[in-house]
Amino acid sequence: MVALMTVQPPLIRTAAPHSHHPVNLDAPKIVVRDVSVFYGAKQALDSVSIDVPGKAVTAFIGPSGCGKSTFLRCINRMNDTIPGCRVEGAVEIDGEDVNARSVDPVILRAKVGMVFQKPNPFPKSIFENVAYGPRIHGLASGKSELEGIVEASLKKAGLWAEVSDRLNAPGTSLSGGQQQRLVIARAIAVSPEVILMDEPCSALDPIATARIEELIDELRQQYCIVIVTHSMAQAARVSQRTAFFHMGRLIEAGSTEEIFTNPRESRTQDYITGRIG
Amino acid sequence: MTVLIALALLVVFSGGAYLLGRRRAVALAGGRSASLHSLPGYHGTWVALWAGVPAALIIIIFAVFGARIEDAALRAEVPAAVAQLSDERQEVFWSDAGAMARGEAQSEITYEGELKTAFDAKAAEGRRIGVIGLVSVLALSGVLALCGVLLAFPRLSRDFRARNRVEGWTGILLIACSTLAVLTTLGIVMSLAWESFRFFQSVPPLDFLLGTSWDPQIAMRSDQVAAVGAFGAVPLFAGTFLIMLIAMAVAAPIGLYSAIYLSEYAGPATRSIVKPLLEILAGVPTVVYGFFAALTVGPTFRAFFNWIGGFLVGGPMDRLGQYLETVQNQMALTAGVVMGIMLIPFVSSLSDDILNAVPQSLRDGSYAMGATKSETVKKVILPAALPGVAGALMLAVSRAIGETMIVTMAAGLQAKLTANPLDTVTTVTVQIVTLLTGDQEFDSPKTLAAFGLGLTLFVVTLVLNIAALAIVRKYREQYD
Amino acid sequence: MTDAVATRLKKRHAAEARFRLYGRMAIVVALSFLVLLLGRIGLQGYSTFTTNTVSLPVYLDPARIDRADLEGSNYDYVVALSLLKMMGETEDEFGTASDDAMELVSRDLGFQILDQIKANPALIGKTITVTGPVKADADLYYKGELKRSTDEADRKLNDRQLAWLDRIKTSGAVTSGFNVAFFTNADSTEPEQAGILGAVIGSAMMLLVTALIAVPMGVMAAVWLEEFAPKNRWTDLIEVNINNLAAVPSIVYGLLGLAVFVNGFGAPRGAALTGGMVLALMALPTVIIATRSALKAVPPSIREAAWGVGASRTQTVFHHVLPQAMPGVMTGTILSLAHALGETAPLLMIGMIAFNPGLPESFTSSASVLPVQVFIWETASERAFHERTAAAIIVLLVFMIAMNAAAVILRRRFERRW
């Protein structure tokens, strides 16, 4: 599978000085310090600090409304699109603060892809859905190159075999699980470094969920993946690291094994054993 | 007047019937109202309904159709002296006789000799018929009201389901009201179709739809030669189309861009100011737009083009300059631009709704890919909203075609087949107004032509509306 | 970041800024149209709200008033002679001086004299003071809208008349004040005497008819469709039909009214009753649509609660659902009535275009309404009528804005979020 992938040059890089050096695998990819988020007067997140490693899957778990999705949206500045939303604190990717004035959210979001809870393919053909990112960012110089990117992305997302003969069919004609993989392919097409997934399987049936989980496991070889889930089983299956959120606070973060077998905090214990949540 | 008094009496009578029925029910209950199936009030109401409704229906039917029936009865037998008169004079005779019978003012014609005898006889007959009609209707309604009470009252009992009966009446009333909407449509279709049918008997439909000359001569007398003018409606269609195009060229971009700005860019504060202001623009009556077009925009445009023309005269574009100097107030451009202004809030609010129906998840998906707002709008939202926006624009086109006052006041009356926006053109609606606002015979081809135009207008706008509403509805269901 | 990407990014952001600018421009253009429209009408119409009134001592010359035929005497001439006398001018042999003077003050003064003499013939031979408006063109001159700088041939008043007007003004006989007559008179052929009271009353009567027909019928139809009607092809058809009726051009309703009401049922042409019925048919679909959406907004739990205590379907609807929906119904109704108030085209079809110098006598007599009055005055050639048109529009807009504001307040005040 990995051998099939065409290696794409990193076309988009921020101007951060670190980016020219080889990335240290052990160093955290995303560093978050004291992040608080407010929706108008309401505080949704209260000084969250966490390190997210590269080339691994980090799962955010916690009960509904605990702020894990809000936190995820801080990383690619999607909260900018919500009127009245204010973010405090620092979110650094490769040492650069994403909220800095010099950072263009357009470039940031090309570097940090996102997959949503409900599959949201554009009302366009399968091909156009995947080609959307490369087109707007001007990643392909010609039609054949674009086709190459689309094919490679669909292959990486494990969808190529199912759709190669009907690339011009509308994206919405696919099944839910296929749509979600299409959306992942769409995110991969701009060769991001980080992929954020906001409960990507909550609208899917168990078989489709299993396919997506398999895919996430494969993708972790190449990308830093952050996944929000309220299924603890899923967190245990796909992630290497887990962070537990409750009432807008980060309660505990650590290796997945540790959190699930030997949590330090009692609230984590309560949630995992089903007493709260 | 008599009718109103009769109705008032009937209301009083029904009120009495209500009290009677209620008292009876209370008596039946013997102090324990729970022993009744329905509350006493329902018993009373039921009796009152039987007392009032049938009688009231008779009176109302008489009020609406009575005059026609009496008139027909009066004309049933035509005196020999009258039969000799021309059709129009006969008409005057009958209306005068009717007026005489009712004690109203008549025309200034005096009748002499045999006509005088016939006139007096008919006037007397008319009075007689009037009295007979009124008395018989009043008697009939009185009997009905009494019978209603007499039949309904004995049926009251403890187990009588008065509430269900009254609710049955209510249901009938509600259904009747809903049918009124259908009747309106039927009324429109039937009246337009019938009058148009009569029009098409004198003017062949193809001549009307494909003819290129519109010149409805005033038919002074029906026996005149060439009383029927030219009724080729193509210049009207062309004028309507030209003005619609200009209006849409103004309204579509401005309306669409403001909708995009309001739904995608503007903050809640801006929206809360701009939207009510646009609503004011939408609420301004069309006659006001017409006034604005005729007295402000028209003269301004004219002065502008005359001024431009002044520069061009004598130059290489001398002919154009000369033409521009002759431009008049009434031009297609004036009406079109002002109509476009009128349509801006219409297009904007419809498109705003349509754009808001596009799910947020699509926007999120696009922003998460690193698309800018404009890229998201142009490449994701607008394509997704395209059917809805198309529907909205079709509704706007339909309004532009049917708009009357602006064009009546600003477009002009000359039926010209031209694509020049500086030329004066006329539209279907303008011609309908012109044909029907004079004093003339209702049956002349000229007035009937208005109905032919009306039918065309109705069919075209109906097709546009049905298609547009179906598209918009389907579009909304897609994202519900 | 490579150069290519940087250039591309710059272009993309420029495109974004451009697009945003287009949006802003569209809003600005739309709003400036609004300002232009209202501003222009305001500027044109506001001067109508003040008027110039002249008080004149008039000698009722017995030589010029025929006691036997009071109605037949020319009182305008009597007034003109007194005016000349006041200015120290004399009548010339061709009568041009009195002709010129007659064009300065309203004929209303002559009518006042006739009325006074009729009431008290002893006044003949005495001098009485009458007060009335100056002629419309003189009024325009006093307001500075008819300018002396205009070439004499191009203006309604000649140099001598302007000089006289100046002299009357300095003599103190002319006072400027609020134009009461505009609000208390009906239409007239003389601009300075034309008012909108007839049209306002006509509009009110017509709107009353419209409301009495359209509101109960529309609400009941909506109640049936929303709460009782089975969902089948027939009710679907009714729904499509109603939505389409709401978009039928208003002039078609006029044709319907002409063919069915006027020619079919013999309804009186140009009467408030007939106009009200036509507008009721036009307003019906919008009332139905507004009521249905208000009923839809009432949550099913209310209905279930009423059914739960044993209320019948009808009782549930009329005791619980409809009262809850009432604010929404009222809002929609007021808005559709406001729309009907401004409607003109269908009224022209049913003959509501006649000149009505008096107040409407009854619902079945010929009447004027505000928008039609605007249309009639707009087509008049005198400039003073154009000012009155604008003033009538201001009054019409005030009524419409008041109705819209009432609807908005109602919505804000009683809006309920479930």
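Residue numbering begins at 1 within each chain, and the chains themselves are lettered A, B and C in the order written.
Heads up, the rule we're going with is that contacts are C-beta pairs under 8 Å (C-beta built on N, C-alpha and C of every residue); 3 or more make two chains touch, one makes a residue touch a chain.
It should be emphasised that the depicted structure is a prediction, and the values quoted were computed from it without experimental measurement.
S.K.: Identify the chain pair joined by the greatest number of C-beta pairs in contact.
M.R.: B-C
S.K.: Compare the CA centroid of chain C with every other chain's and tell me the farthest one.
M.R.: So the chain farthest away from chain C turns out to be A.
S.K.: Would you mind checking which chain's mean C-alpha position lies nearest the centre of all protein C-alpha atoms?
M.R.: B
S.K.: Taking each chain's centre as the mean of its CA atoms, how far is chain A from chain B in angstrom?
M.R.: A distance of 58 Å separates the two centres.
S.K.: When the C-alpha atoms of chain B and chain C are each averaged to a single point, how far apart are the two points in Å?
M.R.: Taking the mean C-alpha position of each chain, the two centres sit 20 Å apart.
S.K.: When the C-alpha atoms of chain A and chain C are each averaged to a single point, how far apart are the two points in Å?
M.R.: 62
S.K.: Spell out, as numbers or ranges, the residues of chain A touching 2 or more other chains.
M.R.: Residue numbers touching two or more other chains: 106-107, 136-137.
S.K.: What are the residues of chain C that contact at least two other chains?
M.R.: Each of 12-13 in chain C touches at least two other chains.
S.K.: Where in chain B do residues touch two or more other chains at once?
M.R.: Correct list: 372, 375.
S.K.: With touch defined as at the start, can you tell me which chain C residues reach chain A in the complex?
M.R.: Per the stated touch rule, the residues are 1-2, 4-5, 8-9, 12-13.
S.K.: What residues on chain A touch chain B, complex-wise?
M.R.: Chain A reaches chain B through residues 76, 78, 81, 83, 105-110, 113-114, 116, 118, 120-124, 132-133, 136-137, 183, 186-187, 190.
S.K.: State the interface residues of chain B toward chain C in the complex, per the touch definition above.
M.R.: Residues 64-65, 67-68, 163-164, 167, 170-171, 173-175, 177-178, 180-182, 184-185, 187-188, 191-192, 194-195, 253-258, 260-262, 264-266, 274, 276-281, 283-292, 294-296, 341, 344-345, 348, 372-375, 377-378, 395, 398-399, 401-405, 408-409, 429, 432-433, 436-437, 442, 450-451, 454, 457-458, 461-462, 465-466, 469 of chain B touch chain C in their complex.
S.K.: Residues of chain B touching chain A in their complex?
M.R.: My answer: residues 267-268, 359, 361-372, 375, 379-380, 383-384.
S.K.: Which chain C residues qualify as touching chain B in the complex?
M.R.: Touch residues, chain C against chain B: 12-13, 15-16, 18-20, 22-27, 29-31, 33-34, 37, 40-41, 44, 216-218, 220-221, 223-225, 228-229, 238, 240-245, 247-253, 255-256, 258-260, 263-266, 281, 284-285, 288, 312-314, 338-339, 341-345, 348-349, 351, 353, 371-372, 374-375, 378-379, 386, 389-390, 393, 396-397, 400-401, 404, 408.
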